[in-house]
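In the two complexes that follow, subunit A is the common piece, with subunit B as its partner first and subunit C second.
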Partner chain A sequence: MRLDLVPRARRSPLAASLSPVLAFVTAVLIGGVAVSLLGVSPGAAFAVYFVAPLSELWSLQEIALKAAPLALIATGLAFCYRANLWNIGAEGQFVVGGLAGGWVAVATHGDAGFTVWILPAMLVAGTLAGIAYAMIPALLRARLGVSEILTSLMLVYVAELLLDYMARGPLRDPAGFNFPQSVAFDEAARLPYLMEGETLHAGVLVALVATVLATLVLGRSLFGFATRVVGASPRAARFAGFSEARLTLAAFAISGGAAGLAGIVEVAGRIGQLQPTISPGYGFTAIIVAFLGRLSPLGILIAALVIAVTTIGGEAAQIDLRLPLDLTRAFQGLLLCLVLGADVLTRFRVRLVSGATR
Partner chain B sequence: MSLDTIQMVLVTVLTAATPLIIAALGELVAERAGVLNLGVEGMMVCGAALGFAAAVETGSTLVGALAGAGAGLGLAAVFGLLTVGLAANQVASGLALTILGLGLSGLVGAGYVGLKREPAPHLHVPGLSEVPGVGRLLFGQDAFVYAGLGLAVGVSWFLWRTRAGLILRAVGDDHAATHALGLPVRGVRFLAVLFGGACAGLAGSYLSLAYTPFWAPAMTAGRGWIALALVVFASWRPGRVVAGATLFGGATVLQLHAQAASIGLPGQLLSALPYVATILALVLLSLGRRQGGSLAPAALGRDFTPHR
Partner chain C sequence: MAGGTGSAKPADDPRPLFGAYGIVKRFGSFTANDHIDLEIHAGEIHALLGENGAGKSTLMKILYGLLEPTEGVVTHRGAAVRLRNPEAARRLGIGMVFQHFSLCENLTVAENVALVMERGLRRAVLAERIAALGETYGLKLEPDRPVWSLSAGERQRIEIVRCLLQNPKLVILDEVRRLCARATILRGGRVVGACDPRSETAASLAALMVGAQVQEVAARPAAPRGGERLRLERLSLPAPGLHATALDDISLGVRGGEILGIAGIAGNGQAELFAALSGEIPAPEVEAVRIDGTAVGQLGVNARRRLGAAFVPEERNGHAAAPGLSLSENVVLTRRATAPLARFGLVRRRAAQALAARIIDAFDVRGAGPDPAAGTLSGGNLQKFVVGREIQAEPGILVVDQPTWGVDAAAAARIRQALIDLAARGSAVLVISQDLDELFEIAGSIAVLHAGHLSAAMPRAQTTREAVGLLMGGSSGPPIGRDVPVGPTAAIARTEIAHAP
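Take a look at the complex of A and B:
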């Protein structure tokens, strides 16, 4: 038996929109089998994972709060991945952004003179730090040809250790009974809440704006076009006069800036102080989100919501059904595998032919 | 410093290098066949979890090591099916496997957190193992260390002294030409990926069976990624993988000693050194090779779909 892939003349739009759905349904079915192997009824698990999070106001807000950083980071990553550039260090850029912005808040703590400017300054500092951190792998790739995959990932570990050091050392609250955390930020250094007495903060608006901006830039600008050409055919891009080096730097700047912004939004919104860890792996989960959303901003927004639902559901399942949290991570990894596998349907017609493997 | 102290340091260096050697050699074979497997970290951590679980259940280190290799092999089969069979993007698929592997290892290892086992037994040759200065280094290691070094010799011999090795390298350099000669491109690639995955799993089981020896979530701590960097650093040559891994093991041991001696530097800075060193090594390597061009297999990372 042999698997034959016959290339399609053009990408099938039907297959393109259906393949992530197909992948998701398959992942849910496999997840159901795994859950029943762990001794839990798949129906009950499905209800906890996918239905319960959608049925209450507080969990809906949690979904939006979890989806916002994922969508923001993944939208930035889409620029890189479309150009065949592999920034897998968004987690590090997220952490550095949160650290730099949080530093601003700690440095101006208790100072009444800065009140109006403090939040914008934090957001800018976080974004710039994310950009600067992403420039390391970008410059090494553009100037020296060093694999951006490995350098960007190594920098994640460095960023996490840096934050750990800063939160336990220089930025620790001196009056905090030796708890490894900074002072709680001033009111002026926190993102405003959207509804009185609820948890939803203005960070979700940032993600929505980013989605709109990215849709315009990717679909309607020369830069967006150049990104796609460099990714699809570097040779054609050279003939068209698009500079690969400049595009590398730009794509990394966008993804690094988005991740850094997401970092400070998380710190100034939900957390409200610096801690040794500020991310439950948003930077890595965002990679799944980017591909599940087929690298389009709108798709990414939907994918971020779906992944956020499974994450909230996973936390509930840990408490209600004693299902381990790693099950959620395995599910998300499996989902990405299936999304990538299903992608083949958009590019090829798959045929089973008898005969030897070639 | 006495001869025996030097020997002790060298022994620990070789111990720290062994998981890198084994994982990097497997990845080297896969990359020589043209497949970039970024799932090494996930395969390694699964090998560590399943290897430890199997060893605890059966009481046998050998069964543990085989189970670890099997775990890596299983994940590699998924990876091979995606990238070789379905021509999916290799970078993204590798990342997916790493995320999947980290999740699965947590599931498998959940019941074994906090358990401890005797480390894998060390070789003991009466007379030889007690020779001062070199006895423990040469004749007193555990089986994994010898397996790693043997693997380096074996891979080297296979790639440059056998017909199959020649075909494998040809597949990695020019898949279209190899296909035109009637050679099975996808079959070779799939086998190379399986070999790489089994090596990664074995390297992971070394961590939980001999190096620590216990299971802790995400205990590989980026070693799979460092192994990937080592392959680049070694310019796809097995001998240089061993040399690079030993250098790297040396740096790790140095960092551990510095932490223990508390020389006044923050622990986080010392912990970051291996990652910074990896980046620096890659930078220096490419600086040294500005003119020479890339030594990577020409078809590395490119998918292949035979059609007529």
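Take a look at the complex of A and C:
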């Protein structure tokens, strides 16, 4: 007895779009079993995880605020991963972007008069810092063949410690009773809220614009085409005259820029000051989001929303049902496994070869 | 049920060594083998003939235990056996040399051989056996070289050595057409005939295979006219990699209307010469490569294309074409330099599809659907496509490496005819090939590449296969070089892409 994977002659587009749905349903069913083994009614858990977060305005805003940086970072990462470049350091690029943009806000703190330029300058500084930070692994890879997986990952810790030092040292609020944080940013250095008295800020629009732009670039442009060819057949790409080194730099610049922009959006939007930590691991979760969304910008947007819903729901489940946070993490991991597994089913037919046939 | 090799039976055993009866193999709704009967006797060389897609590879994979038949039975000396995997087939003494290689690129030669040998064999012993076999048959291999650094021809040598080391009783060779005493002909998954290939001509065999008369390549190119279009002047290139071949002082010229053939055994610098011509590896000096008089030694591949040159590399999957991309996307790969396939940085998909359709039509490329992924095409059809893609642009200069490697007879004839026609329209064509029959069929003059050194080009009429063969072996007279043919196996290895006796 063995299982054979027989390649399908062509992929049905219906099956391809239904497979993530199937994966989600399966993950919910398995999660239900785990929840009932923990002594909680699966129905109640489902309501807390997936229904409650979608039924109140504040939690809907929280979902959008969590999903936006994930989507923005993962969209950038899609360029790298399509080109077979493994940027694992989006977390570091996110932190550096937040730090550089936040620095502008701290440096201009208390300036009176013409302050309209401050917010744009922060966004630009954050993006450029993310790009510059991503150039380190990119140049090492393109010039010297150093594995970008290691360098980009190790630079995450460098960035985190740099932010920690800056928030406790040079950028600390001198009037802040030695709390390790900067001054609270001026109004001119904050992203505007979209609704009076609510938490939703303009940063979510940045993620939506990035989705539209990336869809166009990846799907239609010669650059997006080159990204795909370099990733799938590097030798054919060279034969086509696409420069692998230039493409490596460009893909890292895009993903680093997107992560840096997400970092400053988070700092100028939700946080409003520099702290020793500004990310609950967005840069790493975005890797899952990128693959959950199958490296397509629209898929990434949906995946970011799903991950955000389970995160918010997981927080509520901790409080309401005393379910551990690990369960949420396990569920997110399970979801990724099942999506990738369902993807195999759209490309292959599974056939049971019994011992009796000849 | 599968057992050991058992005691040796007398050679005059009337039962066939291996038999396959009523073999049916279906993939979904597609029937690849349709009630095939085949008997193979000890001491016989038996050919399976048929175009790409006729069902040869499927039948061979069934015999080698890679596929299980939907219906039918395989016998060994009259007793039914079940070949549930290649290991069971190897225990019965069946060895296979694949057309599409089954090698792990990141392992060394010896490690790849070890994969199919009995477990627990010591590495030093294995390396010794590989070397000894190489000595005996002239199949030289370096056991410690990683497979990714080897050319297609060298990889085929590994497959052959690996098969012979197992002392097989039945050797299955995919796409080697020589030395056959009896042939079974497949068409559309059925047995359509049997013959003695020695009494047939290449054309009549091909006719049996495709069910219609295949045109012999006609009308050799007219005498070269006009000036020299492609020039290499004292090109030397250090070995671009650890296991690559350095090019040594190579000069050549190809005039309009001329086909220059470059013969040579794989691994003697063909890949490096191609890369230097295409611009994938820039030459040390600008003057070393000239296209229609323009020095292009340090220009990239697209700049050379814009000057009217076109290139078809040896490896169609992954070099000439990206297998995961559709044919129209593969058109964009090389034709965007010269055709309006991109505007404002955006790919013009309609234009690419239209161009792909024209190429598919002109070169009779058959695949599933109007714009299939390149990787789903059979070898012959993909090769027609990548050659057609370049010829359709009417290049002034065409460089093509192994134009008909692993391609069925009908496709090979079509490709060769297209090369001849292109030259007849005034283009300069440079063909790098290991297939002497091919070169003597289409080339006006022939030079030999050996160990990175190119011999002087000789007009075809003034040279012979024997003379060229000697040069390929590295002997320009004594002393005898490293790759001299020794035994019959060497002959098989050397003619790995030959198509007709």
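Criterion: the second predicted complex is superposed on the first by the 348 of 358 C-alpha atoms of A that agree within 3 Å, B and C clash if a C-alpha of one lies under 4 Å from a C-alpha of the other, contacts with A are read in each partner's own complex, and residues count from 1 in each chain.
One rule holds for everything that comes next: a contact is a pair of C-beta atoms (placed from the backbone, for glycine too) under 8 Å apart; a residue touches a chain by one contact, two chains touch by 3 or more.
Note that the structure is a prediction, hence the values are computed from the model and not measured.
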| item | value |
| --- | --- |
| Partner chain in contact with A:Phe223 - subunit B first, subunit C second, else both or neither | second |
| Touched partner set for A:Ala202, first subunit B, second subunit C, both or neither | neither |
| Touching partner for A:Ala236 - first (subunit B), second (subunit C), both, neither | second |
| Subunit B versus subunit C as contact partner of A:Val6, first or second or both or neither | both |
| Touching partner for A:Ala16 - first (subunit B), second (subunit C), both, neither | neither |
| First, second, both or neither for A:Phe291, with subunit B first and subunit C second | first |
| Dominant toucher of subunit A (residue count), subunit B or subunit C | B |
| Those residues of subunit A which subunit B touches in one complex and subunit C touches in the other | 6, 357-358 |
| Subunit A - residues contacting subunit B, complex | 3-7, 81, 86, 88, 140, 144-147, 149-151, 153-155, 157-158, 161-162, 164-165, 169, 284, 287-288, 291, 324-334, 336-337, 340-341, 343-344, 347-348, 350, 356-358 |
| Subunit B residues touching subunit A - in the complex, by the definition given at the top | 38, 42, 78, 81-82, 85-89, 91-93, 95-107, 110, 179, 184-187, 190, 217, 222, 225, 228-229, 232, 266, 268-269, 271-272, 275-276, 278-279, 282-283, 286-287, 294, 305-307 |
| Touching residues (chain side subunit A, partner subunit C) in the complex | 6, 9-10, 220-223, 225, 228-229, 232-233, 235-241, 353, 357-358 |
| Contact set on subunit C toward subunit A in their complex | 27-28, 68-69, 71-73, 82, 278, 280, 300-302, 305, 311, 313, 315, 318-325, 329, 332-334, 336-337, 342, 345-347, 349, 368-369, 376 |
